[in-house]
């Protein structure tokens, strides 16, 4: 059974300096509030893992939490570039950022392998691209039946995965629906997991398209209404598209970025 | 005939590439606009697949992101992201993939990773691969939508993020890539198509009012031009009306 | 878009002598009516594939349709043995039956590989058992990252997969819910597919736990109410447990079996 | 104290093996009865997992098959069969796996495939492996439930369907099997436990009224007997009442 915790306690207990941390959520259900708590608690030297490092990782990177990024697409979706990510890669500000770069198919399969207790996954991918020249984590593998050569990528097993979901019950069973991305795999692949939810309910009424994570497969659940803002939680909130546009301006300059983080993250209270 | 912008012409030309009843892997931005325009005009049975897991999405407004709620609400099925790539893209079930490019070479190889410097210390860090390498590998064919300029249409791409025809004929087969590759590139100046023999992108159509010289100037290699170069039909009044109505829904939602 | 067909036409067009045929359905939604139609149309030399060859495959095997069986568990669930299966293996009656035998984990992963367009799947399985001594379709594979040795099985790609579902719409989009087993993978792995359904509706109202197969990924749909009997279709029928018990008696003797098939299958009309 | 049958004693003894809050992979028949008995008595938070895809099923009657609708209706989640094996069993998330056996040897190796003759021409063709090889490989521990007889408890199994301790100590590690193996065998005569050093199944407890001699006679190898052999507590009145009520639900549904 998952423990019910406050966001601050959950992050304090489950996210440690030097950890490999995955915050997942594909446009929908991005755990922004948990990301902010990680910044407030000043975690350092994290290896951040995420298919689509977007604004939440731009914030963590700009705040100096990350030493390394494992990813497949780093941009502000529908808006443009991530300026803090670019500044870290191009100018090592505030600290250098190592990259391990994959394709979506590769990252998704790395989580699947991690969730499956396998050391690697096989896919048709990366072939002919320059990606394998820059990571040793993309190799070839031959089919033992046909001899065909395919691509192998190693399992991803984060120390901790953080996701946001619509609901949990008091036993920590988690329910999410709508676009659920790679969250189930990311949670099951991790050693520890923290799920922030919009609502804690007595009973999880079934919903079409739901993914349920049993409480015994989750480490901790925190009640954090609005914890996905500026992304959204289907049935609870809509995406704050204006914030994504505004982020382009906020993040372009180091000073405005730092002022924003100071005011909206460091001096803000945790949501729960 | 109505006035229209070069971007509108490009979007309409892209939409026309999509045959009714086919399945199309759609990214956000121009590809999504073009695919929804096609669905609202000549291709009502076009199947839109977004990498967020929305199969057969039928949005009544333009989505603002590939994970927009309107996609999940209107999809035939919402599936996990690993399934998108493993069960639907990888086996070749998707007829057309749309891709953009920061750099493109004459064989349709695409860079969306880094420009200038070297990989660890680039001049410009771009978003990276996303779904593109496997879309480029596995879709029945690829349509690239990109504005044409010497900066983008380069002799060599600084990084091969997604493979077109590699170094030329036979390379896709040698690499084991099963999809057909970048058949068509739609730009704000015209349309390039891969030559069936040489695989080289060849200018086959110009948008109304664009000259071959202008296209050559916007291309960083000696541009091949088809002998039967023709002119693209300008957007019809209906195409323009539907396109503008779609774009208005996006502004309304933002 | 899937074609809407009669069961007789669907089987006539999609199931051919010598084909590799998978009828799937895990206790729930077993396509019995389609199996009976295959018997009525006297298909021969089929390679039958199914994780749990139970009563429906006992009938097909006893009727002489099968040359080969690829499977992981062959019994009458909750009752005992399959007498026609045993008679075929032990006494080659009515014709010899070759076996290719796997575990559930292996079969499930073979369908997954088939659905994924990969030539093989990797799992932790079979190790130390006698199964690999009797099939060349179980091999070892080394992880290119850790060097660990795992097991590989080849993809299953049936010529045709047949499943039963609750509903389809007129475009052939198929909806099933409850226990959905390995049906999605079995359909996507196959070159052709036939889905029998309880009901054809104008619109598929979403249902919790649903699996939807888009019409463009299905070859043909046939309206066959009750087509899963004696198994069940959640929301439409309950399992006819008495029939499973009765089958033990019917199938024990070759003559009673043949009389039953003659009367209830060959001389019966197709349900749709 | 009530009268009870040997099968009832066996089922009750099996149920007692299940600690509250653990996750248990359940097959149909005695394992399912035992697991549901445990859930209805001392282990209300026992998580039942059926290979049909029902995670956390809470049936209010005994299911008649592993795919009984009551399992799907009461489960925390119904998942595809490949996911059962890949995401839940294979990574070692399941604490206890229940298995039956047609043949069993002193190291807990199990045969459910063929008996007699050879593989291609057996005397008796059994159902085969099902989920058992990977349950035996990957669960935290395995509990075998099987009636004890010389035919079943054999010196050598005719076919290794599921591996126990192989040929003895160290074999599981050498094979790379990550689960703990068959810790306990519950029979109609008593309980055998794997010796921590030799891995050999050792008679540690007898059901009331059963003698060591009877157990030896029902075993096809020289049976190891624990020095501190004890007697199993007979079923309590509550255990029997709940068990019989559960079995009545099954008869009612059939």
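Note that the chains take the letters A, B, C and D in the order they are written out, and that residue 1 is the start of every chain.
One rule holds for everything that comes next: a contact is a pair of C-beta atoms (placed from the backbone, for glycine too) under 8 Å apart; a residue touches a chain by one contact, two chains touch by 3 or more.
Quantities reported herein were computed from a predicted structural model and do not represent experimental measurements.
Of all chains in the assembly, those touching chain A and also chain D are C. More inter-chain C-beta contacts link the pair A-B than the other of B-C and A-B.
Chain geometry summary: the mean Cα position of chain B and that of chain C are 40 Å apart. As a whole-number value, the distance joining the C-alpha centres of chain A and chain B reads 28 Å. Centres computed as Cα averages put chain B at a distance of 57 Å from chain D. Contact with two or more other chains is made by residues 86, 90, 138 of chain B.
Multi-chain contact residues of chain A, defined as those touching 2 or more other chains: 112, 117-118, 123-124, 148, 184-185, 209, 211.
The set of touching chain pairs reads A-B, A-C, A-D, B-C, C-D, using the touch definition from the header.
The touching residues of chain D, counted against chain C in their complex, run 28-29, 51-54, 64-69, 71-72, 78, 80-82, 84-86, 89-90, 113, 119, 121-134, 137-138, 159-163, 166, 171, 175-178, 253-254. Remark: chain A residues 117-124, 137, 139-141, 143-146, 148, 150, 152, 154, 206-210 touch chain C in the complex.
The touching residues of chain A, counted against chain D in their complex, run 1, 112, 115-118, 173, 184-185, 188, 211-214, 216-217. For chain D in complex with chain A, the residues that touch the partner chain are 21, 23, 45, 47, 55-56, 76-77, 86-87, 90-93, 138, 178.
Those residues of chain C lying in contact with chain D across their complex are 26-28, 51-52, 71-75, 77-78, 81-82, 85-86, 89-90, 101-105, 108-109, 111-112, 123-131, 133-134, 148-149, 178-182, 184-185, 209, 211, 232, 234, 238-239, 241-242, 245.
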